[in-house]
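Alright, structures below, take your time with them.
What follows is a pair of complexes built around subunit A, which joins subunit B in one and subunit C in the other.
Moving on, here comes the complex of A and B:
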């Protein structure tokens, strides 16, 4: 038996080498090459497809969220369920512009402080009970209750009048700037005029949750389909831990007649290549993450690669509070030592733009992108070894001598791992320093990063709402999202000004000043500006992804 | 002969005392006997040779490769060992990479550099590259992708070449797989060595003492072994990693602190039965110390089972390390072990299967070798199988 096993093994090895070695009947012209993709071009362009067959689809997600409570989580892996099951006061449409969700219209007072929302008629929860403005009041108060442990609480306390005081227990519900005038009118009062507050409102932390189910079931209301009451285009009808979440059309949604899809299954497949196998065999209709080594092939074969612009940046945090990284020259040296183009082309293998600042392009004022014409801060697409060495020498480490071993931390993810390994090698070779890499689960990694227990760490930022203000707090002193511990009073002052500026053009100008200031200090290690790509078969249409990476399925048609 | 046939076969021979005492078969020592049976088993010898070759490969191999296990060449990612190249307009060899770029290849199979991309012809499904001042088109409208002349669409002739720059190809970061394989094999063998060492020292002493002393001591010691063996090893290794940090030392400590329990059980069983025998009684009678009895008399007599257990435990230790590496637990990049190489490669399985196949084949070879040797030793050490 053993002999047989061995010879079978050898035969297998031989067969593989033969397969790759021999090739018969070589085609002579490209017209002879089997056209695998000939008929794809016609179907891809059809926007309005007629529904045909069962209106059901399966979409693969590659990360399991830490929770499905819109009031609690800020985890972007949860967005697919939250975005499609809940609807806040405002939402985004296909063109990426802000439209009314639960609110039909709203008025803003002349001083820009009071927002009055008029809710639609006949709104209902997915269990059929009526939905009123009081539900919004309850939901926001719930977020502002410390025991809820809302991760996005600063997105409420930073804007709404007396929200911070309510959170601290020094103000009552009557003082809070959120009030239901009647069942269909909601009034929100702000701390100061904020030009982008409507954008902030699109975040799911402002989504309504039903008081009855939350109070009856406590934290467990998100863990079973019966108690998961929502108000969006879909409702949850099944969930198995770590396996899938099944969504079905919510007949009580106000716009239910425009929702064609009956059943939407989100399946969790953590391994990207397994997911791709399922996709290519037609077992699933779409997958959220494309294995980087297959990207070029899938794109060439027109296998359904969807690319959406994204308002986000992949950058690495440098801990500005510990030596030697508190020295801007050291940070400059790190930024200069990275060959961004090579990372994009050969490691990540995606379509992306090299980044020289944390602030991504994509926000326009008066038809002009506000980042247009800005400096590249001395950085270039490829590594500038001489300048990097010079910066490091100026910082007191000529030729990397005496520089402590750099700790490069990352979280477990195939792509991130490859980037980190390539970066470690670039830093080692270009700066002549020692680099050690270490990885952890996302939860442990993120806790370390938040506590400043790292030197250089993998990170990225996708804007939560389409305004550069989504980026600015990242480097503001004392902000909970400032994990770089960068601190510059001048920058803080500029950010404060942006927050209170009601004129968008002026705000954009201040934003650029602030971003310039921090980028000149090399507050982080920018790599590239993201674009979002996922796979979807051609028979699915009507989905759209916003620049804040939210994927909407409500108008999906299966044909 | 004629005389013999005429004789009655059943008549007694005229035998002297010397003839009667004579041992007709060749006399061999125990070790000689074992070696004789071992070398007459081809699989055992094959396993033995493979292990020797692998040791040389992993220790001396890195001296002969121009690469280091960590050196990356990001222009040359995912290049296979055997390349199908197209002969370009000026006779140069062109290879299409998995990321749809073209690299030049020398006539001797040495990889050159990436061609510069000139423009993209999306409607023709072509990417145009510049090669020696001329333009060549990469046509990706069909399968397989081909290099062709842009205007006529004629595909350039193909050739199949061995990659002589990277004999076993490169991985997703352009590192030489052969070099990484050497380092990975080295780690597997270190793990094998450590497993053998802790088995020989802790396992034998622990089991020996437990079996020889017996009674209450035996009960307590064996319950400790039971407790250790109920903790799942994976969980245990993860916990140790949290305390000690990542790296080979954590794997060694984790394996070293639990991998001797099977050996301890085997030795205890052997000692329990052997200590009832007369030679132990005799040793006790002449006043030998328990240490002498255990180390000089009992353990050597149990050596057969010990060696067999050992050669069976080593492959499982190697496999455990590879398994942990595959799960992403253990070594930190850029260090290579066979398991982490497989893990890195699984993401590229569809486009670059060689990256997974090669380290997997190596794991197979190591496992087969140790199992064959273990098999051979078991047969050789068992006197009942004597022919």
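Moving on, here comes the complex of A and C:
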């Protein structure tokens, strides 16, 4: 993922909302992903205004993705193009419900292992050639080919039968649990009856890519509009490396009659203040990133600030494998010493909720957010100095005496720098310990974090798919994303159980048990649950963003 | 002259080899690699990527296969941007930077040299004071400050000029002023002091004594010698302007080469670091050579052999 974890949170990966693995294709309404922010100026409903004038718009992005191949990249900056140019078996509608994409309907076998997808009639690629179930088979096999270097490969190997074996070369295509029964029927067989597989399936790593163009052009198929064949509401008609990507309506999309927007230009402007000036002077219609120093003013002026809930948490890693941070009491003291509300209001200046756990709210089962009513683990929005000092004393460092200098690491980023400086002050003053702050560029910082060469480090997570399972591996022993080196056999066992649980309600219960366990141990230093915000002028309507930050333009109308 | 140029070309080749070697060594010495990623990409995928790009080979093998590529004009694929080659980065970014740089160079020359001459001729008068005060400000204020102020005034407040891009002639105005500000000020000051020095020489007095007009004295006798220091710095200045300024390009969202020059380093995109460095170095060397050849043309005292 691009670079910075915090900005990554602004973007995000594939989202989902859905639950119960009952065998039906009915759109299942999850949660109105509980908005962590009040004024959701949601323009989600399909605009009914009659189109007037040119149906063209320009939207500014502030980061350049590392590639536009859905099978390869896991870069959240790629989502704007991928989400709007490709459509997988399932997708999201305006209400955040998971609905059929290429698949019109699907059935799930009684044992929860076999998914049968029925594709829509007359599907076509953007170049007009026919689209069949075999295109999905090819695409998934390609992801499972080591030379593809698919960054999200574990999202396939972890769930589909014989996918890991196929990747390792010990199973053939015949053994793989992905088969085209006929041109319009696709069958996927799982390793175990995972209740949230359909959520995972919404990720773009499962998007179809066209065999003909990939084989004719190799890696370069994504680098020119002529060879960038896709199947979604829009197709690419222009791309200029670090300047822009131009999308136009794809007449071959199955639902093209409901796509009004003719031309959508994604312009890269890396300097946020330039982007804001371009927005305020009316040169562009929307921008993805709002400079935090202007946030309050823009909101007050009603300048088009759009706030959407986001399924992500900003937290700091505490290295649980080194002393004294291997002691939960020390971690508790750190968590208690932070004034979250002050960070949110005075430092970051965004709409956000203080966080007491790594697991963000936003996933519901039977209309109830699974995190509802959970403990706050003794934490509060403001710092609790007494309790923090008591915890530190209990850990053997009364009044901070004898506590080694705390190393607080972060990566070079203006916002993160401000947070770190404020946190360092809070830790110093509230715990009476020494804090040393150090920063590095992202590549060096992240390598240190991965190798456990840190004490407390800036991090964060935004869900790849809208299911709490997207968070749980972060603290599972041995998982490549567990950079906190938290290890608890009980937690690991619960996570394993969630993965093989076919009942959604039970899976949710186990999830909360696991999250409680790790949160009680203060496995990390949670700061706040994020919301996503961007700017869009009033004359644009019909866009919507999912809780995993995917921004859909297919129903946009310019008035 | 041919011998001189050939000799210089030979030296440039050696210098280029050293640049490539040192860049390669420093680049690999810095911690972190191109595939460092936040989303917990499995080890096996990173290994597959390293194998794909030959990063699993020993350094010397990588180095020589890279050299071989360069000799064929192939800077290799980007490690960071799937499906893109460094040649594409350069061929798309360099012309944009060169377009902006070219306009800026012309603007700088048209503004700086007359400013310097005028200030020298009005030495000590208010015109001189004013111009040199402006030039001092121009040298000391960084381009990003000038750029931000210009955008605030002309795009945001007055809404006269576009904020970003390089799509119309109006859109050139702000970035050209921001990018050229420093060079104009610096060259104008240099031009002034150099001309003042020459004007005090005996041969100028001789020229005046012959009864030549002041205009003829300046243009025919003084300027040719006074331009030499200006031309010396003009070479690298032009190379710098043409190959782009990261700061100005970023602020005005101009899709030039500067982005790759800076971002490739933080992203550890090895081939891009190498490719852009080589391109920039080659360009700089060519400009310096051109300046040397140009010296001999304007000043007969300088010989190719020397």
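To be clear about the criterion, the second predicted complex is superposed on the first by the 484 of 559 C-alpha atoms of A that agree within 3 Å, B and C clash if a C-alpha of one lies under 4 Å from a C-alpha of the other, contacts with A are read in each partner's own complex, and residues count from 1 in each chain.
Following the convention adopted for this analysis, a residue touches a chain if its C-beta (ideal position, glycine included) is under 8 Å from a C-beta of that chain, and two chains touch if they have at least 3 such contacts.
Everything quoted here is computed from the prediction, not taken from an experiment.
In the overlay built on the shared chain, the residue A:271 is in contact with subunit B and with subunit C. When the two structures are aligned on the shared chain, A:293 is found in touch with subunit B, with no touch to subunit C. Look at A:242: by the touch rule set out above, it reaches subunit C but stays clear of subunit B.
Looking at the shared chain after the overlay, A:250 reaches neither subunit B nor subunit C. Within the superposed three-chain model, A:349 lies in touch with subunit B and out of touch with subunit C [touch as defined at top]. Legend: residue contacts after superposition of the two complexes on their common chain; A:219 is shown touching subunit C, with no touch to subunit B. Where the contact sets of subunit A with subunit B and with subunit C meet, they give residues 2-3, 13, 271, 273, 277. Considering their complex, residues 1-3, 5, 8, 13, 64, 66-69, 72-74, 146-154, 167, 218-223, 240-243, 267-271, 273-275, 277-278, 280-281, 283, 441-444, 446-447, 450, 464, 473, 479-481 of subunit A touch subunit C.
By the touch criterion stated above, subunit C contacts subunit A in their complex at residues 30-33, 36-45, 48-49, 52, 77, 80-85, 88-89, 92-93, 148, 151-152, 155-156, 159, 162-165, 250-253, 255, 259-260, 266-268.
Those residues of subunit A lying in contact with subunit B across their complex are 2-3, 6, 9, 13, 16-17, 20-23, 26-38, 271-273, 276-277, 291-297, 300-301, 339, 342-343, 345-347, 349, 412, 414, 417-418, 420-422, 424-425, 436-439. Subunit B meets subunit A in the complex at residues 43, 70-72, 74-75, 77-78, 80, 82, 84, 98-101, 125, 139-146, 148, 152-155, 157-158, 160, 172-174, 245-246, 328, 332-334, 344, 346-352, 357, 361, 364, 368, 372, 375.
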